[in-house]
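Structures follow.
First chain A sits with chain B, and in the next complex the same chain sits with chain C.
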Partner chain A sequence: MLLVIVSGLALGGLYGMTALVYNVMYSTSKVLSFGTGQFAMVGGIVTAWLVLDFHLPTWLGFLACLVSGAAFGWLAEVIAVRRIVAVSDEHLWVLSTLALSTMVQEAMAIWWGTDPTPFPRVFPQEFAGAFDQKFWFPLILAVLMAVGLEQFYRRSMIGKLFIAMSEDSFAARARGVATDRMRSLSYVLAGMLGALSGFAGGQLTFADFALGTALGLSGFIALAVGGIGSSLGALVGGAVLGMLTALTTHYFGAEYQKTIAIGLLILLLVVRPQGLFGTTRVRQV
Partner chain B sequence: MTKKQPGIVGVSRRRLMQGVGAASLTSGLALPAYAQSKPIRMGWIAAVSGMFASNAQAQDWGFHMAVADLNEKGGLLGRPIEIVMRDSAADPSKAVSFAKELVYNESIDVLCGPINSGEALPTLGIVSGAKKLHLIGGSVEELIDPVKYPLGFRNLNANGQWIKVGVKFMVEDLKKTKVAIINDNTGYGVLSREAVTKYLAAYNLKPVYTATVDPNKPDVTDELLKAKEAGADVITEWSNATGFVARLVNARGEQNWNVPIVGHPTILQEQIAKLLTKRSYWDNVYGLGYQHQIVDAQGNLPTNVQAFMDKHKDTIGPFLAAGLPAFLQGHAAVTIYAAGLTKAGDPDPMKVKAALESIPVINAPYGPFSYTPTDHNGFQDAGIVLVNANAQLPNRGYPPVKIA
Partner chain C sequence: MKHDHIRPLLVGLFVLFAAVLPFITGNLYYLHVATIIGVYWVLIATLNLLVGFTGQLSVGHVGLLAIGAYAFCLLAGGQGWNPFLALLTGGAICAVIGLLLGLPSLRLPGFYFAMATLAFGLIVSELALAEQWLTNGSVGMPAPSFPAPFDTPWGFYWLVLGIAIFVTWMTANLARFMWGRAMVALRDSTVAASSVAVPIYFTKLMVFVFSGFTAGIAGGLYATSQTYITPDAFIVNLGIYFFVAIIIGGRGVIIGPFIGAAVLAAIPELVGPLAKYGTFFYGFILLMVVLLLPGGFGELISNLALKLRRQDQASTSIEPDLGALQAAIRGKR
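So, the complex of A and B:
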């Protein structure tokens, strides 16, 4: 049973990290990018490529993973978001981010191949059951990421500007905030954190071109459950989804895991549409 | 002065009519001789681009090499063989268009392909309607029906055959009776689970645990623990998703639970071994394979397979990665048609059909085929073997090791 719980929490950690990445981008652009899961995919593949094919040390692979994520995040903002949010109030970013996500996935499939490939062990350790790094690494990094982001929002100037933009982008611009630059910066940060989640979960997911789509969906569900905009919510939403998935398999069978897990989440959203830790937006009239 | 038509300058009408008459007479007399020497035209639809490209390119290479070998020996019935090839790009609508074009506009004698089930299914009615012989390269059971499609013959094993042989291996050879079925949630995975259940019922057995899992799920430890709790003494997996299969084998190894895993040929791929935490996790894992992949004590493949590979060693390189079954399947389409046509002595589809149904066994490098008027599946169970994933050569014989 311990292994079932740990496995569920590890998955929850991955989903939670993806939800956090959604939050970072959403704070400055109000865009829920369909390419969010692809950051993890790119980060995982870049690490596996450098460490296993070029025999670089893991720490160097880790750095390259972060750099690739940052670059991808910046490009995503330039290509799929900047012009779209500037010229249209409609949700055209759904199409642009979906298009970019699809293109990146197909490009990686052509270059890297469609078969998953191994991901390196981060620490030298024999498989240790419930205490194996492949389970606790994503879990610990998810918690660290949530805590780090909260500190970033509360204590750093840039973090406070992100918060300001999330509350009222026009007011922030009126007060002299370079909102375009901040938005671009938030995508760079999101790309890095997304790639970090790919690094954290690589031993579970392998380096796989198809990872991004599945992770993007699960991360979005975690975000909706926890409440958009809340780091704690993202973390708890991820954990709830991961545990529901694992326990559903354990008690009802794998056939029902998605139906029951997502069904319960829908129920939760009906009762509490803003999510567990989200706040209801009040519209002044 | 009237302008004369080019081409008839200086020729009188009488001379022209004489010439036309002579030409008609000559061509009329020459018609039977031309028919005897005109090429046998083999239509060939293969998705050499698109998502199944690597497998299809290997099949295409095997098909072309088999035709080249026959042409080198004088063709069939003394007539050269021509290939009329179309790339369906893994798109069923293209496969349908090309099938129409080939059977109605290209005067082919036989259509081989498309080479995957999804593309082959919608072409069945077209080829059957045009009354052309059809060698079908898909494995789903529904592709073959001698009543609805009397000219359709399968040139590889049916999916159910793999499962039947796999179940027989678990129950009769491994003596296991508590079977856990773990499959992915694709249509193929679900159909395979139903087939395993059906073949187990023939032994009065029911699976002790079944799980249909999303192949992208990053961890399958919980499914494996449930199978263990249910008392399973063997696991059979049905998926061609390498990541999913590797996670399953890893999870069993990490639990130190040494029950055998028997499953889809994907489990034998070297790619799986690369994804395992330890190579020893591959022990006690069996995948379905073919007799044509098994080498003898000297490392030689079966004679006809080895001879084919040796002969084409200069061009085989890029296609080895796709595995022997791929290019030998392309080869089989040609071999089977050649056997039927040679026996029939006439490319008339009904005569070739009758010939194919009367040949006791066609020993293609791919394996033995035997058709009857009521069964056009052809491939014999004897051509399928269970391959021990982690055994060393020569017992395993996969991939091929020796090219002269």
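So, the complex of A and C:
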């Protein structure tokens, strides 16, 4: 039973981190990217590739993971978001990010193969059941990431600019904020954080090409449950979803994971569309 | 007036070509590809009403296809029903599920709804694997074929062709008249549409029911065309393919998605090495179309047609008959 709870929390940490990544991109561009989960997938596979196939030390794999995530995030902004946001059609960004996400996933499937491969150990630790690093590492990193992002939004200049852009992009631009550069920067940051979550959860999920879609969906459910824009909501939503997933797997079997998860999403969205910690925004007609 | 005759002529020529296709090519494999395109089109034609006209981004219609296919196999194969009755029942079941799928769309904005339908597609394939007593799990089940005139590849092809033409005709009727205007109005501005008394809920749900019904029919036909179905046949990538076909074809045009569906289905089948890169290729095409040609190929074609038409409307200058005018003025005096 302890193992069920711990694995649920670890999964919850992973989902929460993905939800945080959604938030970072949403703050500057108002785009919910279909490819959010792919950052974690790319980061995980790059690390597994370098450390296991080339026998590089883990810290180098970690650096490469962050660099690849940053590069992918920047590319995603340049290819799929920049021109679409300029056109400002409501639905086009759904399509462009879906297209990019599909391409990246299929490219990885062709290059890396479709079988999940094991992920290297990060810390020298014996396998320790419920207290193994594959459980506590993602959980701790998720909390650190949420706290760090909150500090970043409140204390640093760039973080404040992100907040300003999420409030009103045009007003921020009028006050001399380089909104295009900030958006680019937020995608680089999102890519790094996403790859970091892939690194943290690698031992739990393995380096798998299909991780991106599953994580993108689960992270989005966590985000919708918690409420868009809230770091605390992302963590809580992730934890609720992770616990539900683990308990479902324990009592009913792994086949019903998604059924329960999406049931939760639909139920909550129908009852409380803005999420638990979200704020309603009055829409002008 | 001239142009009003061109479109029916083209459609008639195409139908004739499609009908005699089995006599042109003796190759059974090409016939199979043509049949598959027809089956997909039965689903895509009405999904286009949903995605292209009403603007509901459903990525999960592959789930409805799967339910239709399993219902058909269970009823016609396991229970020994008449295949046509089983086909219609599968369609009815999917119509009800389509209605349920449509309910959240009344409240969820675009991306939320796309995610919900994606999850629906995943759930269906998950349950098809899990509920072994019903679906045989990953082993799959054989699909029955249709009775006498339709049991050969040619006969089945003509059956699919007939259903596809009927569905296209219904879709065209819906799209061209009041329903279609209501859908487009909903897509472009829900608030404006409701302010001019377009029944939002009713219109949306009717489109969901209709597209669910034909998705179920397409599922039954798909099962027969494959002769054996497993949960692997209904992966989410197939749903993305339907979606991409509509987007590259052009939203809100009827013939565009057909071109999209045919091209997307035919290229990986006919160019062997591309099969492995099929889904990558779909993603690439989708990205290119979204970035360079947001209206899709359908819009490109209709713009070209419009340009051709404009030459006919060249301004003609009218010379005033000054003599008659003078005479008229003088006569009055």
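Just so we're on the same page, the second predicted complex is superposed on the first by the 273 of 285 C-alpha atoms of A that agree within 3 Å, B and C clash if a C-alpha of one lies under 4 Å from a C-alpha of the other, contacts with A are read in each partner's own complex, and residues count from 1 in each chain.
Here is the rule we use: contacts are C-beta pairs under 8 Å (C-beta built on N, C-alpha and C of every residue); 3 or more make two chains touch, one makes a residue touch a chain.
Quick caveat, the model's predicted, so the values are computed rather than measured.
Chemist: A:274 contacts which: chain B (first), chain C (second), both, neither?
Modeler: After superposition on chain A, A:274 lies in contact with neither partner.
Chemist: Contacts for A:32 in the overlay, against chain B (first) and chain C (second): which applies, first, second, both or neither?
Modeler: second
Chemist: In the superposed arrangement, which partner chain does A:3 touch: chain B (first), chain C (second), both, or neither?
Modeler: Touch partner of A:3: chain B, not chain C.
Chemist: Counting only touches as set out at the top, which of chain B and chain C does A:133 meet: first, second, both, neither?
Modeler: Neither partner.
Chemist: Regarding the shared-chain residue A:58, is it in contact with chain B (first), chain C (second), both, or neither?
Modeler: In the superposed model, A:58 contacts neither chain B nor chain C.
Chemist: Please work out whether A:258 is in contact with chain B alone, chain C alone, both, or neither, and reply first, second, both or neither.
Modeler: both
Chemist: Does the superposition put A:201 against chain B (first), chain C (second), both, or neither?
Modeler: first
Chemist: By the touch definition above, which chain A residues appear in both interfaces, chain B in one complex and chain C in the other?
Modeler: On chain A, the overlap between the chain B and chain C contacts is residues 213, 253, 255, 257-258.
Chemist: Under the touch definition given earlier, write down the residues of chain C that touch chain A in their complex.
Modeler: Going by the criterion above, the answer is residues 55, 57, 59, 104, 107-108, 110-112, 114-116, 118-120, 122-123, 126-127, 129-130, 191, 236-237, 240, 247, 276-277, 279-280, 282-284, 286-287, 290-291, 294.
Chemist: Going by the contact rule at the top, pick out the chain B residues touching chain A in the complex.
Modeler: Chain B residues touching chain A: 51, 210-214, 216-219, 221-223, 225-226, 242-243, 246, 253-254, 271, 274-275, 277-278.
Chemist: Show which residues of chain A lie in contact with chain B when the two form their complex.
Modeler: 3-4, 7-8, 10-11, 14, 114-118, 127, 129, 132, 201, 204-206, 208, 210-211, 213-214, 245-246, 249-250, 253-255, 257-258
Chemist: Which residues of chain A touch chain C in the complex?
Modeler: Answer in residue numbers: 32, 79-80, 83-84, 87, 89-92, 94-96, 98-103, 106-107, 110, 213, 217, 220-221, 224, 253, 255-259, 261-262, 265-266, 269-270, 273, 285.
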